[in-house]
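Lettered A, B, C and D in written order, each chain numbered from 1.
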Amino acid sequence: MTSSEHTALVFLSCGGTIEKTVLPQQGQLGFDHSRVSEWAATCRIAQTWRSETLMLIDSLEMTDADRNTVAAHVARIQESQVVILHGTDTMVQTAAVVAKHRQPHQTVVFTGAMIPVSQSNSDGLFNIGMATAAVQLLEPGVYIAMSGQVFPADAVRKNREKGVFEAVATQAEEPSQHQNDNGTLRITKRKWTGSFR
Amino acid sequence: MTSSEHTALVFLSCGGTIEKTVLPQQGQLGFDHSRVSEWAATCRIAQTWRSETLMLIDSLEMTDADRNTVAAHVARIQESQVVILHGTDTMVQTAAVVAKHRQPHQTVVFTGAMIPVSQSNSDGLFNIGMATAAVQLLEPGVYIAMSGQVFPADAVRKNREKGVFEAVATQAEEPSQHQNDNGTLRITKRKWTGSFR
Amino acid sequence: MTSSEHTALVFLSCGGTIEKTVLPQQGQLGFDHSRVSEWAATCRIAQTWRSETLMLIDSLEMTDADRNTVAAHVARIQESQVVILHGTDTMVQTAAVVAKHRQPHQTVVFTGAMIPVSQSNSDGLFNIGMATAAVQLLEPGVYIAMSGQVFPADAVRKNREKGVFEAVATQAEEPSQHQNDNGTLRITKRKWTGSFR
Amino acid sequence: MTSSEHTALVFLSCGGTIEKTVLPQQGQLGFDHSRVSEWAATCRIAQTWRSETLMLIDSLEMTDADRNTVAAHVARIQESQVVILHGTDTMVQTAAVVAKHRQPHQTVVFTGAMIPVSQSNSDGLFNIGMATAAVQLLEPGVYIAMSGQVFPADAVRKNREKGVFEAVATQAEEPSQHQNDNGTLRITKRKWTGSFR
């Protein structure tokens, strides 16, 4: 495996609200086909990237088998920069499974949307932008980019009442590397010392 | 100044293609009013942010006085996370001026668009997403988020023929911290050790 | 009542798919507020118009009482040119009730959409355009503008399998003025002899 | 030529603001390819239609030769229902040339937009909707559908200061069929007695 394969960028779509569109016959939101490759073109990403659609489902209907499918796929691909589009309701659960199986060189960032990209007021492309930057700037690990922030995947939850993602204490047994003693997240800025190509 | 003021996020708009819209009387692209606060709402940014419009001009028409205005403003505000919307043609020049005057605690990320957000196929909100993530993840300094990547502001140029931003050797007299001996950018991933709130 | 009041244009919204938007908390299509006045501005209608929202509901949930409310409202307003936004599933039924109560000087055109205007691939503004032209060009009566055509309201049905509106034999007991002996609609073009202001 | 050929619908594009998009390299409005067939699909037109692109130019740059090309094309095609997309600045002039050469069975409706369809706040699809209804409802002749109204092509002008189309006295030497003695347009509503298929 060459270095360039290691640093390449891949978008994996699992569906979720970000991929939904109104189906004319039903008059309801649903899926027809993935737009992920169309979006990457719109966003004018100049480096090498590729996209793949793993499934197109509502994340509330995602089973353990589905999560294992996603994790096994991440464990198999060559890319180090992995952006995963996913429904928001169970994004944290799938991220936890992927965290167990990802390769050591991989940075995985989950994102999605509260409003489908097919709607004119969507947060989707902004969120993909956050994920695309984060996946290149952060060391290997699993993260979630939503609500204007990037969170370690084991230190975030979706607050359904507010419709936002928010930081929580990590689930790890030992004190988290991400937290101070008082439970707030430690603030340490990163030094930009290179590039991601 | 409290810690929370130091870590707050601000969007400063200088105009550029990202802010342009078609003026119906002229049938040409131009400016009417800034959409930056509207976009931040659309993008569902949950943390504290504010926005300000400094000017709404085409970056080809930006004078040295204009660049000094931008830099002086950055030197005066309290926020540590500064996203600046700017036309792409002279973004690198303005970033160089801001780099001389920014406060030591500030991370400044310039972004813009090749296609206005008012167009349905815009790269604008994606780029703002990249900038919003980068400004929270990178240590103090000045950066440019365009073409799917985040660059140190002194190591990037706009390739007008291709319509993309690309890495270049830094202008610094001493060997750049960002480059290897062969002129390529050094690859060093960052460890996520905290948060940005 | 002056002549200008008689020829003025009004948009009445009853909701339907055309008015739906994705509600972020639920991740499903629903209603928040009517966009009808915003659309009329976007469409650059230069003559006098006003808009009113009567209800914002899915037309499958519309009751007889709701239909009577719409019809009573049409019977009460001054405008001669009445465009009604309505869900497609029971548009024909509401049109039949309105036909019994409309004022003799009124031309009423129902329209809606298969895809909400909030989606980027909506048929909604096109349909409102058809209705806006038809309401000015046709003599008093009740019509439906959908699927690229304008139909008399008593000679059209929604074909749910195909997702299109199509002409049918009128329900009138005596031979319809709209039909030839073989059941097809008679073709008679109208002479434009004036204007609608 | 069968009756169905006579009543079929065609969209002819000559460009104009309605077809413009932002060219990323230039950062200015221009043309890449016609969207007319894409729009007709979006608008869910159920009857038979076809589209053709004659030219993609700004109507201020349209020459007499160009106008003759358009008129000759209309004189040659089979369809009775002809919608022409055209820049707004010289739409009236081209319509006058087409009026001299159209076939007796043809209804021709010109339309365009003040804001390109590629922009999120465009009047374009609404205007195409007006034209699509008018071309089916009006007797043979040449018309312009803009600013929320349908005008006979010899009784309208673009008011550039206001950015709207408005009725004017016809240019005909004899008193116009479209006007009353006082110069206002005569108001006569049309009886819908059939269909357009």
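Annotations
We adopt the following convention: a residue touches a chain if its C-beta (ideal position, glycine included) is under 8 Å from a C-beta of that chain, and two chains touch if they have at least 3 such contacts.
The model shown is predicted, which means the values in this text are computed figures rather than measured ones.
Using the contact threshold fixed earlier, the set of chains in contact with both subunit C and subunit D is A, B.
Of all the chains, the one whose CA centre sits at the greatest distance from that of subunit B is C. More contacting C-beta pairs link the chains of A-B than the other of the two pairs A-D and A-B.
Separating the CA-averaged centres of subunit A and subunit C is a span of 43 Å. Taking each chain's centre as the mean of its C-alpha atoms, subunit A lies 47 Å from subunit D. Centre-to-centre, using mean CA coordinates, subunit A is 23 Å away from subunit B. Residues of subunit D in contact with two or more other chains: 24, 44, 114-115, 120-121, 163.
Residue ranges of subunit A in contact with subunit B, taken from their complex: 7, 9, 39, 42-47, 49, 107, 114-115, 121-123, 125-134, 136-141, 143, 145, 147-152, 162-167, 177-178, 184-197.
By the touch rule above, subunit D contacts subunit A in their complex via residues 24, 44, 120.
Subunit D makes touch with subunit B in their complex at residues 17, 20-22, 24-25, 27-29, 58, 88-89, 114-116, 118-121, 160-161, 163.
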